[in-house]
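Shared between the two complexes below is subunit A, which pairs with subunit B and subunit C, respectively.
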Partner chain A sequence: MSTSTAAGRRTVEPFTVISVICVTVFGLLCLIPFWMIIAGSFTDESKLSVSGYSLFPDPFSLEAYRTIFTGPAVLSAYRASIFITVVGTALSLAATSGISWVIARRLPYISRPLAIFTYIPMLFTGGLVPMYLLVTQYLNLQNSLFAVILPLLVAPFLVFIQVSFFRQLPEEILESARVDGASELRIFFQIGLPLSKPILAVIALFYAVTYWNEWFHALLFISDTEKYPLQLLLQNLISSVTNAATLPQSTAQAAPVYQLRLALTAVTIGPILLAYPFAQRYFVKGLTLGATKG
Partner chain B sequence: MRANSLVMESGSEPGTDDAVPPQRPADPPRTPAKRPRRRPPLGLVLLALPAIAFFVVFSYAPMAGLVVAFKDFSISDGVFGSPWSGLDNFRYFFSTGDAPRILANTLFLNTLFLGATLLTGITLAVMLNEIRVKLFKRAIQSVIFFPYFVSPIVISIILQVLLAGVGGSGGAANDLLHVFNLPQVEWYTQPGPWPWILTVVKIWQLGGYLSIIFLAAITAIPEEVYEAGMIDGASRTQMAFRITVPLLRPTAAVLLVLGIGRIFYGDFGTIYAIVGDNGTLFPTTDVIDTYVFRSLRQLGDFGSTAAVGLFQSVVGFVLVVLAVLVQRRYAKESSIL
Partner chain C sequence: MSANLSRRGFLAAGGGLSLAAVLGLSGCGDSNSDSSSGDGAKDLKLLLPGAVPDGWAAVLEAVNKKLQADLGFSITPQFINWNNYGSQALLKFTAGEKFETALQARWLNMAQLVGSGSLVDVGPLVTGGKYPNLQKTLNDKLIELNKWSGKLWGIPQVNSAGRIHHFAIRQDLAEKYGITEITDYPTLEKFWYDVKQRDPRVTPIALSQNQSNLTCVPGPVAMFNAASWENANRIAQSFSGGSMPFFLAENAKETGSSDPVPFWELDGVVDALRTIRKYYQDGIINRDALNVDAATTKGLFTNGQTASAWATTDGLSSTTLLPGLQKAVKGAQLANVVPLKGGKSAKPNQTFQADNFTVLNAKGASNERAMQLEDWLSIKENHDLISYGVEGKDWKPVGADKFEQLSTYAFPGFALCWRTSLERRSALMTESEADWFSWAQDYDNFTVDTFASFIPDVNPVKREEAQISQAFTQYGNPLFFGAVDVDAGLDKLKKAVSSAGLDKLQTELAKQADEYLKTVK
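What follows is the complex of A and B.
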């Protein structure tokens, strides 16, 4: 193992070797399922319908992807998911940054009550039934993609992460702007936000992943199949394999159900997989915020 | 007026920090006690309005909507027009005979998940800390963190590939069993192993995520502690178990206490995505949230469903408050949250 060279002056202890092995095995166990999905999505249905999975795309086939990208269902689901993610993240970021800034400024009579106001929903929720009645009976948002976005608009936890970042901004800079006669709003938009790009990236990424993966509210409120986001489309394929046969029937011959499921899964995790190498350090930063300064 | 506001502020700041666990509790105020005059911050408050509106509509209004639990609800009469029915809805839930089972399942599964994921997180963090090759360490970290970003639906598909290849039998797990000459299992018809399968899923999903939190706590441990250990001739193994693990206890305690506070909330997303409406698995996997969801969807009984939800919220709330109270004792020592 390469550790022996890097450890250099220290001798390599058994515990280090065991650690490297265990961690590597755990890492492989995290990767293999994704490899099976991707390999399977390129494997011909004739093999999949016998074993149900495949480790190598042996009888190679693009059949499922052809079905996916020629049929209307997946493309419209993609459109719905992108809409939910983009619009949702933008709205969430704006709303979260706004309230976080006001809490972080420590305004008398305002900041503290607002913090408590934000904290209570973390402790106590109305639950499923009132939410369902609210959206369907009072807001009439059935079959609107906003029924998926709005219930998730502000995550209190992310508010508090952002507050602690805002509070670390050097007060002197804000103060000097104030002395120069800048209004509070202008300070927020022209000084606070530009100085906070790292935390904005963290918050936006957390929201984007949440929206992309959201299916529960879609399941509750969206029945119009044309507005199904990807996750819900996929969920429909889970309940029974036979359902898969009924989905995109664009081609004349029977659709490759097993391959199709895997291909649709690959398509669903695709954007996260592609964005992940770039975004990952921001997630780590967000998670460990405040932990390193102990 | 100005003096008054200053008093208010300095008095309120520690309180704010107490009420807000995710931020560092002992953050010293950045601003000096003497502050220049400030114009009325009304423009600033506008910034908070969208979020305030959100919380009022989507958090606080549903809390008021919980009165449905005490009503004989019908859609035509609406939430506030339906007649009161006292505790009938609660009585109904506890008389169906489902209550003990789903309560037991919820507590058992969540305890299992909590213990297993925390243990895995600590173990992975301590082991990752042993790895000195930066590039390798970072690569592994990225890989084990990734499952956290995958939706429950995708996890469910993965499980089907592993456990139920074609029509309920087959799949990678059974092929593996076949290699070792073990009998095949039709996983999706056997409720017995599912608490353990779900636990493995949770470990897979959260192990890397928690290890990153613990690893951050490890980097906060001062280097001198290890130097002292080295001078005393401690091996790396001893340092890991005698220094690192004990110093992770406060972080673990905070996460544990927060987890206990949430123990009454089933993990709806993962469990429903995996089990769905597969009734044969309910004896071991049905939790409060899945039960509530099913009775709402299939029976359309808003009143008794809300009663279950209210019961869950109240017990959950009591647990959270207890958890927060306990957490405060640990928060001072903890480096995170």
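What follows is the complex of A and C.
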């Protein structure tokens, strides 16, 4: 038995070889388009419009990045996006965790109605016009970054995941804390949350990506260009360049359309891509635990 | 029990804190953004499409300074990008937001807004004599023919009388092939085949997906419809912008019967489809037109990879195409080609319906002030300031009616202040374009179409129209770009629109058009 194991260690199994090849090919299939986007964003528009994507930027051009970064208020847009992402994620995490904890505790008369109240928006929404009226005329949040954050504060699906996770925390631990005199808040902060780091990481990542990519609520509620988040600013930029070809404006900028689209992709996905490595070690665990037990 | 109480206490505290947070946050908004405040009439909110123009802050400051001194109020335009303009403007109207003016059009949501009572009938205001500068710049014909059932729902924004689709071509290539001037369609076709033969790396003409039936359905001319260039007196009618076109009887005024027929029954349309198919197979037009956007075809032309581009008589093709073209191709020249039989004396049909309108919001804080603004913008000095920017910094005058652009400032004048008689021409405008633009600015160069101010109401056939539009796009576009065999493609289209309710649409159009004819004197 031990001999065969030792032999197994020395020889490489065909399955392993095939697996490595398959994973490598799959990895390349994922990476090559991404690389082509990066290479394309540095390729001169005249070449790009004729021959399309290529693996290496030739002739090399920074025109698209120059158009983006010399455009109005890119820095303030980054600032707005970072504020929305950081503050939004923190608030969302707090709100989602709080509501999930209450639902998960199965309190009589409270948990079930609260669960129904939370899950209903998964099926029905009030609609665009009521939300617009609520935010602009009742909350008076026009031109406030919180108008982008608040409508996305609690995602029912993520509550659902987090409730499942909280419910599989060992009841004995929570019970022993109660016996020792810990209050509900103390149990939540000092026992519940520390045991739930994987799901917190996953949920934080989902919220962060959502907030980072958010442009629609900004489009609805923010008219002050200095408060535009990055995605809205870039969407405006690409829209004006694309439409310049057909619209009767007095001048149309000769901006590099193809190159600009690729450069915008690179600029927008770059920062949020950095969030994944931090959450990766929790990611699979958090998702699977939350998804399979409940 | 105590644990239970503790939990409830926790919940109560949580709820209280949440409520406090919401109430606290509600104070974080921009209180100035609500124009329902008493200052609404002193600071007019306008909705404009597109991105904020470069150097806008300086221009707005100058505009507001002058506006404040002249009329005692200022403006705060909100720019909404084109991709979202339609839905956002509609939302703001629906939510009853208090802004004063917006860009609207049939191709946006104008019919819906008229139906919901969101717009002000500006007819009596425009013609009442209270706003003389505005009235002076709007032609009577323009006002009359843009009325819907006797009401003018917006100030028509046009910079010419008629708009005729045509071509901007590489004049340097034409001269290389020995063609000095192109005045008819056969010569234009010869030019394209010469390009194909002698400069095989250049595509004679590139089409984009939004050109669709402009290639063959006259309105009153179609790009590749030779018959329409011979006789430009038929204009298609449809229930909406992207819907299936019909042709109404040529002698409808005399007979009182509109007798609409689907577009393929008009003489010359099927021939045009066959021509397009031939161009597709011969490589005269690009093969990817179904998937290519206008920005791309423009880029191809300015990079010297195509020899012709779509143009219209708005006086803007030189400014949008020539600088880029001459940068990429040394010695390149541009000419506008309108191959109408009879040239400038052809008198093609026109409806004179404006593509764009500045509409007044019925729930705006002050319609009076909005009209004062439109009147103020009809004074040349003010019009120049907002349209071209700060003189000396953004532009300088060239002669009495031309200008040279000094910066990249570009204001969407067609959404607020296009006035035919006040528009300056770019110093870059080519001679051929200047000729045709001057021609297009004169109402007497066109024939008023019998159905000029006929605006069909889609509501009775909304469902059928939606289904037919879908079928029309699916089966029509491949035909219009030559991508499928004409007979087979047309059969498929006919079957699809027929099962989607063509007869009902046709009957309803006939009913409404016949009603309209009764009102035409």
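What we mean here is this: the second predicted complex is superposed on the first by the 194 of 294 C-alpha atoms of A that agree within 3 Å, B and C clash if a C-alpha of one lies under 4 Å from a C-alpha of the other, contacts with A are read in each partner's own complex, and residues count from 1 in each chain.
Methods note: a contact is a pair of C-beta atoms (placed from the backbone, for glycine too) under 8 Å apart; a residue touches a chain by one contact, two chains touch by 3 or more.
Predicted model only: the values in this text are computed from it and were never measured.
After superposition on the shared chain, subunit A has more residues touched by B, the comparison being subunit B against subunit C. Once the two complexes are laid over each other on the shared chain, residue contacts for A:225 go to subunit C alone; subunit B is not touched. Once the two complexes are laid over each other on the shared chain, residue contacts for A:257 go to subunit C alone; subunit B is not touched.
Once the two complexes are laid over each other on the shared chain, residue contacts for A:146 go to subunit C alone; subunit B is not touched.
Residue contacts after overlaying the shared chain place A:70 against neither subunit B nor subunit C.
Of the two partner chains placed around the shared chain by superposition, subunit B and subunit C are both touched by A:107. After overlaying the two complexes on the shared chain, residue contacts for A:178 are found with subunit B and with subunit C alike.
By the document's definition of touching, both partners, subunit B and subunit C, reach A:128. By the touch criterion defined above, A:116 lies against subunit B but remains apart from subunit C after alignment on the C-alpha atoms of chain A. In the superposed model, A:46 makes contact with subunit C only, not with subunit B.
Overlap of the subunit B and subunit C contact sets on subunit A: residues 49-50, 95, 98, 102, 105, 107, 110, 128-129, 132-133, 137, 139, 150, 178, 183-185, 188, 235, 237, 239, 241, 258.
Listed in rising order, the residues of subunit A touching subunit C in the complex are 45-46, 49-50, 72, 95, 98, 102, 105, 107, 110, 128-129, 132-133, 136-144, 146-147, 150, 178, 183-185, 188, 219-220, 223-225, 235-237, 239-254, 257-258. Subunit C meets subunit A in the complex at residues 3-4, 6-11, 14, 18, 22, 25-31, 33-34, 50-52, 54, 78-84, 88, 91, 94-95, 97, 159, 210, 293-300, 302-303, 305, 314, 316, 319-320, 323-324, 327-328, 387-388, 405, 408-414, 426. Across the complex, subunit A meets subunit B through its residues 2-3, 6-7, 10, 13-16, 18-20, 22-24, 26-27, 29-31, 33-34, 36-37, 40, 49-53, 91, 94-99, 101-103, 105-112, 114-121, 123-134, 137, 139, 150-151, 153-154, 157, 159-161, 163-164, 167-168, 170-171, 175, 178-179, 183-185, 188, 209, 212-216, 231, 234-235, 237-239, 241, 258, 261-262, 265, 268-269, 272, 276-277, 280, 283-284, 287-288, 290-294.
Contacts from subunit B toward subunit A in the complex involve residues 5, 8-9, 12-13, 15-16, 19-24, 27, 29-31, 36, 38-39, 41, 43-52, 54-55, 57-66, 68, 75, 78-79, 123-124, 126-128, 130-133, 136, 140-147, 149-154, 156-158, 160-162, 164-167, 170-172, 175, 204, 207-209, 212-213, 215-217, 219-220, 235-237, 240, 268-269, 272-273, 276-277, 289, 292-293, 296, 302, 305-306, 309-310, 312-313, 316-317, 320-321, 324, 335-336.
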